[in-house]
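Listed after this line are the structures, all set down as structure tokens.
Same chain, two partners: chain A is paired with chain B first, then with chain C.
What follows is the complex of A and B.
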């Protein structure tokens, strides 16, 4: 019975063949377009669809069109695993992009490894690529790199004693842990360590406690969403005189709008080139890719692309590049080509993968930004 | 319901479980099947609590969370085999249900709903905030119980999907068998009596508090084992498993399929687990369709899908 049903499927596919003018490359994606992680998944889904359309409109890869199957896992790791299984077993994709959150990524990753399908994750945690897994790659910087970038800037300004205030959500908690781990190596001492719930409406008590800790030279806020906006506003209200650092989690224009230019003045954070696409000089290596992408996204969705959307953009182009170089749609060939990626310029940074490094970015991908008069200024 | 009907229900369930794989075009369907069985197991527990004993709980995902995290934590920190961890999780859930059930079950209706809701949220908060232990919102991986390797050594090669389809199916069949046996046992009758009227039940000598507590503990065990099985087959777990939405899902599945019927609950689990997979093309309307289905069922088939349909077929007998 099982035999006949699969034969029937093959027969159906064969019957459908004449209608598909060309062979196609099946690409799978599972992102959290709805649910609590929609702030990540929604722009990612839009970007993946847009980039695939773009590639197809310009003739596809090696003359073959991409057939995209995109699922919305709603941020639920359980659903993500089911969709990953479906992509591999039922839709027979040759590569997967997705996993907006660390949780969903860890679920998809298992299936990709098991079935030998190359997978590019869009989530931050270092545990995704450390230890290196054969079929798993990722485009976003790790939280640890954000901490290192911020600490490097602090060191350059002779700041060594800082207060840390973090959200207890996934993003904040992960970054808090990573920052505490690398602080020592960067010559930074975290003298105050405060947390707040993602729904809290006032962080004055935590900030006051940090201020009352002696000799704090700067404050770092690890968090995403409305939390950092409230921290920044409370910070201004309390009249702190020491600098405030935010994380890459709030690297978007929406953050400045939410806080207001006055309170946001002087806030520093590590961001990607995408955020300052309009300010890049033409000889900047990322000028072309960020300007092209920003223009496309604005035209199609009349909205600004977020840093997270940039991760998805890079993932699609990296995968397309690997498939083109592999010259085949065999998952193992694509994986090998992906690992051999070298000097690929994306919106997030310049990727060079190797068997030991499946992230392929270094600290230079981050740019230290400061908010001045309601706009971004590049510091380095 | 005589014992003949009990065996017919079990036979129908077993037959479906065995026959369906012959129609599976790919092993992705085994995965969906396994999820249905795992959800159905928790729902059978809800059938005992809501359908038999007439008590409500909006926090049973808390027990699923305890079961799931037992399978993740015990192998890592205690060096326990994941299979034993499942039992440890069930024991922990059972004891906890016993402890909190005593005061909570004095409450009725909405108050009971809110109290259990609080319990579920507490568990999910602990799992989210105890980052050092549980990995926080990012979740943690679950050790492989080594079942597949063991079967391979016995010369039985199964894919991950097939293995968990089988294991979850066996768990569901055992769960359904226990629940169906309970229905006609003195305890089951006592539970159903207090569902009908607590006052009447206590006048005829039913220890109301004791029976409520029993139903609560039994359903907690079901939820816990369901959570453990989910953790083991996913190999990765996040606090979502203990989340509020998961609790609501359990109740919804039970109510949709037919809250008094084990097979009905299983049908509810099957529908609500497959619906999101079927509706991927209209992902934006998924919630809308789900809501509409629920409202229609509640208006036209207030006892849930299966009991209402069964009644229609049997006609005058009932």
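What follows is the complex of A and C.
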């Protein structure tokens, strides 16, 4: 499926402003707007379209309009590869944004690396930017950073023995592996390690096993989708008295709605500033960008932007910023400018790229949040 | 000890969900030997339509009834538009048609509703009931009760009513059924409508526990199908026992062995049972006339 609304917008604007610059910047995107990763890709696609329209409406980049070509890969890595190739060869784009999942990202980054086209991924895995690939950048935190952030909070509370319960889907499995890897360094011992299928209806057996493991001081649930919602509800049902930590995968208001305020009470998770845009003080560096974006998204789609949508927002603006500073539409110039990005404030955090770091975020980008009375409270 | 009871409660909850889905397979299978792979989509529609009418301000009981009626209509439409025109086709073709229908319904639901997860409140609140240190949610009792209710209803339908016997006769021999004056087209329409209604009823009951989104149908249909096969396809008693057994197997494996092997163990047991009893625990031998 090809979205042409922004092309239509450009056509209209070209007609309305005959003296506007004729050149255009071809931007490509492939996200998983449908299929199993639709909850990631759908808000991402909406955000990419909206931000491109927004940039074009305010005069484009250096007076040049962006022509967006957006494909829906349906979460299928093979399709993502086909679309990435088509973006480079047929649509002749100068930069690519997308790859909602780690799988699709891996397909796109091969093409981007081979053809020398700068690519900003929207997926979580650390393997995307480690080792650093010349043309590949990404906006979301890695799963490992989420683990480290959670473990830091646990340590501050003298928690050292925890139970881990993870979904067997891609996200859950990846985070489970990363958490187990960094647990030792953070002084955390994982004494129980349980899993559940992504569509399971009841996790009380796994949670009972964790509870019956001696001296567990907290439980961490790695996963997204319905699993964490059911885990949280089962957790309340079983009457656990130790804290429950969730991952950034469920950092959204929809999660509280699904679980219900009562069962969600006291759940802690690492989230981005976007989630608490309404609560940020005005001198917070991310106040302006999160407030603007939330207002824009609400007005256009009458819905709250998700954390994942925020990744896409940051990717579009980072790319636009790099193109503006490059002063050219040559992919290599854009790549160099992107790598030189410093102190760029996005909804996810403040990005500073370098030749060694193509993620550019640190742990401070995550904010530890706790659910109280059906709303988020910032802990640090 | 309280752990064992907790595993049993979990198994009963999950098993009752599987049993409700498995029961939905029964009628269509009995009427036509077709395994309706769109059954999971009926469950999804039941949940989704209830969620959206409830969010629109309709009281929950009315929303549930609306969802069941609307889904039954979808079932009837499926029969009229896809199954009936292909009447002469072999059973395998009809099964493939139901797979196609399930993909269509899933796609349509994604467009008409949305791609998010939803839930509506449990019927009797979320306060868990405590029994000897283990807990169970009131909604689980609703699901278990619903499964038993549907089972009793189906059992009475197939053994005590003329219509139920007409359904069985249609499956047995369509031509002979027509000769004795059974309107087989009507029987097919009825069985699709009823199956869809049972599916939607299941969706209404399980949504507060399992949550609902446009794509839950496949997973539920697969587990329900496995439960039905274990118990014996077409037999309401088999569907109930098979579904509950499957849920208990999963819970016990997750509780005592390892949650990693939960699904594997359940399916190994099913394979073993089918190896010894190819027609399931309660299935009757089908005899092919020459």
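The rule is simple: the second predicted complex is superposed on the first by the 359 of 380 C-alpha atoms of A that agree within 3 Å, B and C clash if a C-alpha of one lies under 4 Å from a C-alpha of the other, contacts with A are read in each partner's own complex, and residues count from 1 in each chain.
Here is the rule we go by: contacts are C-beta pairs under 8 Å (C-beta built on N, C-alpha and C of every residue); 3 or more make two chains touch, one makes a residue touch a chain.
The shown structure was predicted, so the numbers you read here are calculated from the model rather than taken from an experiment.
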Which superposed partner A:90 touches (first chain B, second chain C, both, neither): first
Partner chain(s) touched by A:204 [first = chain B, second = chain C, both, neither]: second
Partner chain in contact with A:229 - chain B first, chain C second, else both or neither: second
Which superposed partner A:114 touches (first chain B, second chain C, both, neither): first
Which of chain B and chain C A:237 touches, first, second, both or neither: second
First (chain B), second (chain C), both or neither touched by A:76: first
Contacts of A:374 with chain B and chain C, given as first, second, both or neither: neither
Footprint overlap on chain A, comparing chain B with chain C: 34
For the chain A and chain B complex, residues of the former touching the latter: 1-2, 5-6, 9, 33-34, 71-72, 75-79, 81-82, 85-86, 88-90, 101-103, 106-107, 110, 114, 125, 127, 168-170, 173-174, 177
Of all residues in chain C, those that touch chain A in their complex: 3, 6-7, 9-11, 13-14, 17, 110, 115-119, 126, 128, 135, 137, 206, 209-211, 213, 215-216, 219-220, 251-252, 254-255, 259-260, 262-263
Residues of chain B that touch chain A when the two form their complex: 21-29, 31-32, 35, 128-129, 131, 136-139, 141, 160-161, 230, 234-238, 240-241, 276-277, 280, 283
Sites on chain A touched by chain C in the complex: 34, 36, 38-39, 42, 194-197, 199-202, 204-206, 208-209, 212, 225-226, 229-230, 233, 236-239, 254, 257-258, 260, 262-263
